[in-house]
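These notes open a run of structures that come right after.
Both of the next two complexes hold subunit A, though its partner changes from subunit B to subunit C.
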Partner chain A sequence: MSRWLFRKFQDRHIFILWAIFFLALPFLVSNRFIITEILAYSLFGISFNLMLGYVGLLSFGHALYFGSGAYTMALLLIHFKVNIFLGILAGMGTGAVFALVVGFLSIRQYGVYFSMLTLGFAEMVYFIALKMRDITGGENGLAIVRPPLAIPGLFSVSLESPLRLYYFVFVFLILSLFIFRRLVDSPFGKVLDIIRENESRARTLGYNVEKFKLIAFVVSGVFSGLAGTLYCLIIKFVHCGDLQWLKSGEVVIMTLIGGTGSLYGPIVGAIINTFLSDFISLLWQRWLFVLGTIFVIFVLYMREGVWGEIQNLQKKLARKS
Partner chain B sequence: MDILESVPIFVFNGIALGMIYFLIAIGLTIIFGMMGVINFAHGALYAIGAYLAYTTTLHTGNFWLSLAVAPVIMFGVGIGEYFLLRWLYGVEPVYQLLLTFGLALIMQEVTIIIWGSVGKPLPIPAIFRGFYDFGIFTYPKYRIFLIVFTAAIAFIIWFSIMRTKLGAMIRAGTEDSEMVNSVGINISRLFTLVFGLGASMAGLGGVLAAPIVGVEPFMGMNILIISFVVVVVGGLGSYGGAVLGGLLIGIIQSLCILFFPAAAAVVVFAFMAVILIVKPEGLLGKVEVNR
Partner chain C sequence: MAILKVENLTKNFGGVCAVKEVRLEFNEGELCSIIGPNGAGKTTFFKMIMGLLHPSSGNIFFRGKNITHLPTHKIAGQGICQTFQIISIFPNLSVLENIRMAIQSRSKYNFNFFHSASRYLELREKAQEIVNDVHLAGRETAYAKTLSYGEKRRLEIGITVARDPILILLDEPTAGMSHKEILDTIKLIQTISARKTVIMVEHNIDVVFSLSARVVVLNRGEVISDGSPQQIQRDESVKRAYLGKQNDP
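Here is the complex of A and B:
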């Protein structure tokens, strides 16, 4: 029995377990606002980790795709009162466009160069947004009214109930996770593996490395944009801070704490990050100090992250039984 | 006043700004050249330098003391950071970057814990208050001092790198650190020294900038990002690139404030994008090696 339990524990089962976990979560935790936030951050982390964990490039400007997605949603809602699905699609589109432009300019660069450039371009957009105060609201941001979940002529359901909003976001997370699973297991994902492990070999085998990296970057931008639109719907607010380096830093931190080695690590990171920031910020305003310290400890001692350690433990148990 | 008459003033402002950028970029670029690490905490070191100037001036009334105090303390901080980095020897380089980012965040939070989150002004030292009259335009004395002083520092750095034995080791280290090690030079001690010196230059930049821009906790991250632009434009790993990149970015930024203020924050990034397309390795960079 235990042998079966540990050895035949495949990715598919983990996926299902996570889905069950998130289905049940609203009944385990009373603060539904926070757990809905966790869903959006998980999606952001998963998209970010496609670059860090699967392509091996550390983007330091992912706030750009997240924040621009959130802003697209907010601006479309405020000025045009668009349908919720249209807002989400537009946010994903914005993420894609920004990722395409930034990716085009920086994807050829290696290692630290790539990190510096993605950070630089993201900050550029942040400064522009800060200057265009009339449109973006600057640091004060924009408040939105959450639109109903509706398809014109068919149905319209209010999302003001926390539980309904939670499951609405949940559907997007699970769908995205499913797409990401298919993606990393597809031939495309395998090519990304080769590129990460040995780029010159991938090149010699005839793969257009830049093209693969750019596609991965755009996919990452699209889903970061999606996470941004969902986040905007959850907190009903967007401000320039959503585009700033600290937001990019936050996704880097939670992804690493969770673990970069698999799709599910960032989810663990999002859970830890959200609960921790929520809990510590009640006691002490400088919670970033605590988060930074935990992050440094993880970089020094636990580079595989919490999820990586759990997987190692599971493998160890499988060998013993 | 006619807008063209103020051009020389803004060019000088740009040079002053550019020299501060140079002090940050030189540490970034040489540390990268030797260790392949971009130090994300370099901006935080600059910010702490500025805060040390603030505290020294506040308690002793003597700004000049901080020109000595800050670089020494930052030298220590830099060495401390290097020892942490050495922990990650042989690990994938991305983790070194992540470590420096974590340290940057911690340092920024520590400055807020110690000095508060509200920015503070720092008066210009008494003997450099006022203006020099150059006939066609007048210019603040302190900025003239800043330009002359940093030019002297830049010369000393250039001389040490190009004309001394230590400099030869450092240059060799940026070419091939393993080879330097194998000919009997203690590369680890050399790295420590370079990291410490780079940190103290960043601290010095903070001290010099403080009377002009004041101090605030997020100044570090802001200047770090501009310094990235500087080293990308100038060419990562090159001394000349740090000088040229610093001055170019400083002057462009400053002139943009004069002619087209709305775009001042953006123009340097646009400039970087152009450089990346035209000359990806930077103006004075060598051909990019696959790291």
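Here is the complex of A and C:
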């Protein structure tokens, strides 16, 4: 078994290992609710990291796409009893539209200016949502009834069973991860790499850098919106806090702790973050202190995050053998 | 036939005039050097052609088209490519990948989201050819940041050539090189400049003389001389620019 530690893993193997891990997880952990949450947060982190780890831009307002996806699902369910798949598509569409608008206005900026702009736009929508309390429920939020997994005329299966809900969300995570893997390895993904490496050189090679950044931003918005719709289905509740800077900050911290260097780092970050916020918070009110300390340690000493360091260690072992 | 035409090009940085109403024409197939003391405005001049800086006034025409206010990537698309004073490559990518991305830029695959980039063999093959042309064979898989200085310069020239540009701008291509490296670079530039137009900013006079048919001298943002290397050598105003005026009160 230990020989496994010394192998040279390809990305394909790692993807399969994570898939197996998540397939088996409900039988390893009894709290099905928390692990389903982890799935949704993982997806949020992975989409967010497309901008941070791959394009190299830190968006501080990503909760906008997550929260608007969640609200889209909730409002469509409440007012139109929409089919679950349509709701999910609509949530992704909302994420796309917001990302397109914010991206178009922010993408020419750099560094802290970009981050502040994305934060600003997110906060703007947050405050508008707060004001439109009749529609959004304000801070009290909206509760939803979880719709069945159904295609009208074909089948309808209830998602009330935690196990069924878990695997439903799992399918979306794995499909999304598969799409991201292809995207990152594609010619388009390679352009994002060189934009991050040396933007000026990318320009002088004829690449329209703004266009590539904007497309990446919209893709990130779409899948963050997806994560939001799934999250709404999981907790059966949405409130303005899902749009707020705290949520944006959460995904930033989670991704940095997990590691920005690959697709899988944010998954680790989501696990750590959810574990701390849902378990440790029961033991110690000041659990955020733990999260904060971990964050500082990682930013100072382990820049590549938990997953990045694990990968480095494994590669060292593989080289020695 | 003038391939690049610069009309009254001016660049002011606040109170400082870096480039002052420069009027120049470059012919197709020419290899022209631009020389001048530090601060003469040579790099600023290049930056304006490449769209990395906006001119304060004046116009730049490339093959008859006004490219003065075009963004950099569009200027690159017109067929101009540049190497920089401070080497500009992709440090964490392999040598082959650096060049492959330059070739990919001219392909139709850039907005392909779903297939692996390695699937497009013709891009790799062309990249390998260029790796060989710039004498980096055997180093394909090395990360660009691990290359020696001379190798990095060759890589940058390789990236530029991979774009198959019509006009190549070389900003101090031999800066910081040993004598042997300079000789190799001269040979490389001779090879790549066949059938292309090359404008080169250089400080090394030997390099200038062995490569250029024409030399333009800039001083304090203005063209003070323009002719063959031999003419420039004899020009008094050029000597004064480099050595300073002898008889100032």
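Assorted remarks:
The working rule: the second predicted complex is superposed on the first by the 313 of 321 C-alpha atoms of A that agree within 3 Å, B and C clash if a C-alpha of one lies under 4 Å from a C-alpha of the other, contacts with A are read in each partner's own complex, and residues count from 1 in each chain.
Just so it is clear, a contact is a pair of C-beta atoms (placed from the backbone, for glycine too) under 8 Å apart; a residue touches a chain by one contact, two chains touch by 3 or more.
Remember, predicted model here, so these are calculated numbers, not experimental data.
For subunit A, the partner touching the most residues, choosing from subunit B and subunit C, is B.
In the superposition on chain A, no contact is made by A:139 with either subunit B or subunit C.
In the superposed model, A:189 makes contact with subunit C only, not with subunit B. Contacts of A:299 after superposition on the shared chain: subunit B is touched, whereas subunit C is not.
Once the two complexes are laid over each other on the shared chain, residue contacts for A:205 go to subunit C alone; subunit B is not touched.
In the superposition on chain A, no contact is made by A:11 with either subunit B or subunit C. The contact surfaces that subunit B and subunit C form on subunit A in the two complexes overlap at residues 200. Of all the residues in subunit B, the ones that touch subunit A in their complex are 32, 36-38, 84, 87-88, 91, 93-95, 97-99, 101-103, 105-106, 108-110, 112-113, 221, 225, 228-229, 231-232, 236, 262, 265-266, 269-270, 272-273, 276-277, 280, 288, 290-291.
If you check the complex, the residues on subunit A that touch subunit B are 52, 56, 58, 60, 105-106, 108-113, 115-117, 119-121, 123-124, 127-128, 130-131, 199-200, 245, 249, 252-253, 256, 286, 288-289, 291-293, 295-296, 299-300, 303.
Residue ranges of subunit C in contact with subunit A, taken from their complex: 50, 52, 71-73, 76-77, 81-82, 88-93, 97, 101-102, 104-107, 109-118, 120, 159, 163.
The part of subunit A that touches subunit C in the complex is made up of residues 182-183, 185-191, 193-194, 197-198, 200-201, 203-209, 215.
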